[in-house]
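Which chain is which? They are A, B, C, D, E and F, in the order written, and residues in each are numbered from 1.
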Amino acid sequence: MSVVVRNIPRVASSVADAFAAFGVATVHEAQGRTGLMASFMRPIYAGARIAGAAVTVTIPPGDNWMIHVAVEQCRAGDILVVSPTSPCDTGYFGELLASSLFSRGVRGLVIEAGVRDVRELTAIGFPVWSRYVSAQGTVKETLGSVNVPIVCGGAAVNPGDLIVADDDGVCVVPRLQAQAILEKSAAREEKEAGVRARLQAGELGLDIYDMRAKLKAKGLKYIDAPDGE
Amino acid sequence: MSVVVRNIPRVASSVADAFAAFGVATVHEAQGRTGLMASFMRPIYAGARIAGAAVTVTIPPGDNWMIHVAVEQCRAGDILVVSPTSPCDTGYFGELLASSLFSRGVRGLVIEAGVRDVRELTAIGFPVWSRYVSAQGTVKETLGSVNVPIVCGGAAVNPGDLIVADDDGVCVVPRLQAQAILEKSAAREEKEAGVRARLQAGELGLDIYDMRAKLKAKGLKYIDAPDGE
Amino acid sequence: MSVVVRNIPRVASSVADAFAAFGVATVHEAQGRTGLMASFMRPIYAGARIAGAAVTVTIPPGDNWMIHVAVEQCRAGDILVVSPTSPCDTGYFGELLASSLFSRGVRGLVIEAGVRDVRELTAIGFPVWSRYVSAQGTVKETLGSVNVPIVCGGAAVNPGDLIVADDDGVCVVPRLQAQAILEKSAAREEKEAGVRARLQAGELGLDIYDMRAKLKAKGLKYIDAPDGE
Amino acid sequence: MSVVVRNIPRVASSVADAFAAFGVATVHEAQGRTGLMASFMRPIYAGARIAGAAVTVTIPPGDNWMIHVAVEQCRAGDILVVSPTSPCDTGYFGELLASSLFSRGVRGLVIEAGVRDVRELTAIGFPVWSRYVSAQGTVKETLGSVNVPIVCGGAAVNPGDLIVADDDGVCVVPRLQAQAILEKSAAREEKEAGVRARLQAGELGLDIYDMRAKLKAKGLKYIDAPDGE
Amino acid sequence: MSVVVRNIPRVASSVADAFAAFGVATVHEAQGRTGLMASFMRPIYAGARIAGAAVTVTIPPGDNWMIHVAVEQCRAGDILVVSPTSPCDTGYFGELLASSLFSRGVRGLVIEAGVRDVRELTAIGFPVWSRYVSAQGTVKETLGSVNVPIVCGGAAVNPGDLIVADDDGVCVVPRLQAQAILEKSAAREEKEAGVRARLQAGELGLDIYDMRAKLKAKGLKYIDAPDGE
Amino acid sequence: MSVVVRNIPRVASSVADAFAAFGVATVHEAQGRTGLMASFMRPIYAGARIAGAAVTVTIPPGDNWMIHVAVEQCRAGDILVVSPTSPCDTGYFGELLASSLFSRGVRGLVIEAGVRDVRELTAIGFPVWSRYVSAQGTVKETLGSVNVPIVCGGAAVNPGDLIVADDDGVCVVPRLQAQAILEKSAAREEKEAGVRARLQAGELGLDIYDMRAKLKAKGLKYIDAPDGE
């Protein structure tokens, strides 16, 4: 059964906006190393960092009809998240659809499939994280669903969840945990700032994190190279 | 049997030049979604867009002798298209061969294998679409053929065919269809310009393409989120 | 048994520094087409070229503890080379560890696994060649070894060996052969400069390398296209 | 947070047992072409077909501790479903763990990672669907969870869901839909039996499914080969 | 444009039948090491060896409608060869379609995509060479073509060409060359029989093929292990 | 420089023979989880288990000349281990070379490339572990070396090392450690026999390995399903 779910509850935009200060690595750690999409989900150009609410789409291989349907459900601050029902590198999305999303204030696209018009998308600054780049066109024949739970890049995504994406990849934060993870991300960043300063001053992680005794207990041996200097 | 075919008929250079205005996605659609090479054929640097006549090379794994042979058959406006007889990521091509092709007016290289000297090729602006980047050297022992029909990146290429390549990948247009596809590409671009303007003004593809009735007929349901806003 | 070998003999830094003038392709050829890592070892940003002495690390999947141990063994001019005991795309290394290595004068990281904080690593100019980019975090529970012989990217690396890396990939030069390979690299570059000038002037490799007779002896035939121009 | 959820509700064993009559293809179709794991999930030997309730495990890369924990939660008729938190081909499971599960009446293992002791598992008839075969050993250091929702082979699996697996792969049926899908599977099989008899008698699918008019409406043309017989 | 070409000329069945005596490796060598499909084209069960005339199908991703159309064009002795227009692992073909082909005397299927009902296809002895095994179902919405030139597994296939397939993979022989390749295959087999007898008697290939002088001329050195026995 | 090293010291055949009683998983664990080749090294048929001394070959892509050279260096009880200098799926080895090795008492082949004549190799019982199956033929033009250190399947192999291979893959044991690893393998098997009996009797690994306290200390929580039975 194909369905479009309207008016989904979304992570609050004030919360989503605050996440833009943090990278994917920080957010992923802050929520206990969960929610990361697979490493094959790569940005089409370097330097973009976005956070927003997921509008989810499940879609047949080689058929992008439901993306057109999904556009109508998108609001300013959303991120479109698309997953085909079987692996497909087809170019589901290009500059025309990006123009449409852009005019609605959508912040980017995450798609476990192909994207095209990379040159134009880069020029207008519409960021995409995809598995493939491909110009292969699609048909508009078969239904899927919008705003149902999906798996994208190996991660479960529910509509309205928070999506964070940057050069490291894409992370999903469950909607109801977003506020808590935001606070944990900020705490982690603050703690890292202290460590960073000490590392830059030449201190070792071995000492900062107090690892030497534990390493010794595990049995780590130090020896000098027999032919050493 | 190894053969070099000289003086192949080529797509007219006025036609090839005119294709440079269109991207791979447009050309691929204009010829009925055919001719696209596989999505693993990627540019070594972003931003290049070329169109030209194919000089084809079939070549053994790890042996680039026939590329030297092929250089002599290349003319200004050509694109060299190379495919190994079995999968190979060896670096068949680097800056010296690029210098040679560059001096003859060749516009780029398409190779389902590896390329090296990426830094230098980027600096001189000689674009390459390849499956791999690899410094692995080759031998010069075994023959192949030049200007015979080949399969490259999963697409059939005949010598003299039109090649179009940009950030989205590589597309092949049969020589005798190039003029017709050029016209269809222009028509498609023109039509898309109108759609783009409407999309940017906020109209939906659902309305522009008149999809709502067909979606309903297929059985698409709209519901509101039970826990919605 | 897990061991950290201290004070390994290293390729002389004067020799390593001199290699920075040569690319990976040149060095790989100069040592008889050996020592190249697999083509999946890619730089996280374009344009870096480094050479230095290998500090090697073998490490469990998803556990980066030994990288912290290895940092202490690194000196100015070194390159950290890390290989997991089984394939893993986890993000073992990020901006904090880079800060630590940077403060010690380490020139870069080569890792057959994942790396994260690509945005920050690019900003501070700490180059990494990796198989994957991934934000996935690691644990610190299980030992490995530092400065033992490893296989990384399909190439054998001994501690203290010379590592050369650029946009084409990563090459390993055995420590005791580095001086000889340096001289061969310089000789090769010089020879190529002469060939390059002739190619740019329009001469053909077929003639410069005197290939025509050998091609004929192998049976290469030249024919004109039946439907040619 | 790591947690073991005990006494999960399971698909009724009478329902699970009834599914053993149907193949994965039938069940997947009966539930609207959903629930199929990725095609890289392959059986270690041909011919097994099982159905049972999922006990789910999420587990770090290279660490099989939680499988030992999960064994205690397994009952007769269950199928263990294991997914690592990042991609890993390590051999998490072998003949000893199989002996333990076998003695509890567990029907098989589904794991998006590696398995070892294939020879012994084949001999005792304990079926496994895995992404890899690998003897690489694991550590027991880091927690995961048992009987929480997971993604395995790209499919969402909740504890207690029905798993069906055969030579075609693995399919997940949500627990509360299992009875309904069982009925649809039976209906589909019955319908197919009728079609099969007609096909074997030489009738064409084109006629049985009444496709000719629709094909013509879509524009399909029939022509005779110009050089035909 | 979608088209079904009827009454294609086929390789003579007496010729095709005679090829069944030869393996793919022999045929591939006999025609100058050309025509082999990629190594990812694997049989679903071991031991089958077939030869026959290609009926070709080009088909959209995830849509198997045209296979139903193609069945009608198949005759006894044919082999169906199917290639999707973009990479797809969907299970396009199963036991019902096999029943239909089987009743017409078709010898097998070659498909660069997925196949399902492996258990049943093995039981009835209908051999398939495919890239994937997958139960994922398809739609019937979009046209393709039957009996046009295609690329399958990286090899160009024309309708009516000879297909040979066994445990080593799939090879294509152009229709008009089949008789000549048959003779060359027989000659090769005969020659190999003589070599085989000498090898089994303990003679070395080095001597039979008279390689020693050429190896020496190339510079091969023999040394004894310094720490040898 | 290409070299053939004769009369290499080999692991004692009495030691090698004794290893045939142990599987790859046992041996790999006994030597501290090292020495395993990558999981893509798969047997061409199920059920073989061999152990023997490595004769190593490094070989260009698509060129099997050095295998002919290596045959002469093989003795009864040896295993030929072949690695190309760059990735290649070519079918380097088939039934004729197997006949030659078979007549010399060689126990099998390990090759990080392709193999052909699978049907015949299976029939005569000559086991092969390879990365690919491919009928693609090779040339005989370029030298490599025999009995030098190589990397095969990601593992370092020295000539004369012990190779163990079975359905789980391939493991390398350094020659001088083979006797010690044999004893550790036997000890491990004995210990496992005791554990196996307890597991088969229904005891849990949690208790046999005394894991409960450590799990609790790490923070593992047990809860009952809220909707449980």
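Simple rule for what comes next: a residue touches a chain if its C-beta (ideal position, glycine included) is under 8 Å from a C-beta of that chain, and two chains touch if they have at least 3 such contacts.
Keep in mind that this is a model prediction, so the values were computed, not measured.
Colleague: Which chains does chain B share as contact partners with chain C?
Modeller: For chain B paired with chain C, the chains in contact with each are A, F, in label order.
Colleague: Indicate the lowest number of steps between chain C and chain F, counting one step per move to a touching chain.
Modeller: 1
Colleague: If over half the contact pairs have to be identical by residue number, which pair among C-F, E-F or B-E is the repeat of B-C?
Modeller: E-F
Colleague: Express in whole angstrom the distance between the two chain centres, defined as the mean CA positions of chain B and chain F.
Modeller: The mean C-alpha positions of chain B and chain F differ by 42 Å.
Colleague: Between chain D and chain E, what distance separates the C-alpha centroids? Give it in angstrom.
Modeller: Taking the mean C-alpha position of each chain, the two centres sit 30 Å apart.
Colleague: Could you check chain F for residues that touch two or more other chains and list them?
Modeller: In chain F, residues 1, 33, 36, 39, 85-87, 89, 134, 136, 142 touch at least two other chains, as defined above.
Colleague: Applying that definition of touch, give me each pair of chains that meets it.
Modeller: Per the contact definition above, the touching pairs are A-B, A-C, A-D, A-E, B-C, B-E, B-F, C-D, C-F, D-E, D-F, E-F.
Colleague: Name, in rising order, each residue of chain C that touches chain F in their complex.
Modeller: 1, 32-34, 36, 38-39, 85-87, 149, 151, 154-156
Colleague: Which chain A residues qualify as touching chain B in the complex?
Modeller: Going by the criterion above, the answer is residues 1-10, 45, 65, 68-69, 71-72, 89, 91, 94-97, 99-100, 102-104, 114, 116-120, 122, 132-137, 140, 142-143, 147, 159.
Colleague: Under the touch definition given earlier, write down the residues of chain B that touch chain A in their complex.
Modeller: Contacts found on chain B: 23-25, 28-29, 33, 36, 39, 42, 46-47, 49, 166-169, 171, 192, 195-196, 199-202, 204-206, 209, 211, 215, 218-225, 227-229.
Colleague: Using the touch rule from the top, collect the residues of chain B that touch chain F in their complex.
Modeller: Contact set of chain B toward chain F: 60-63, 85-90, 134, 136, 139, 141-142.
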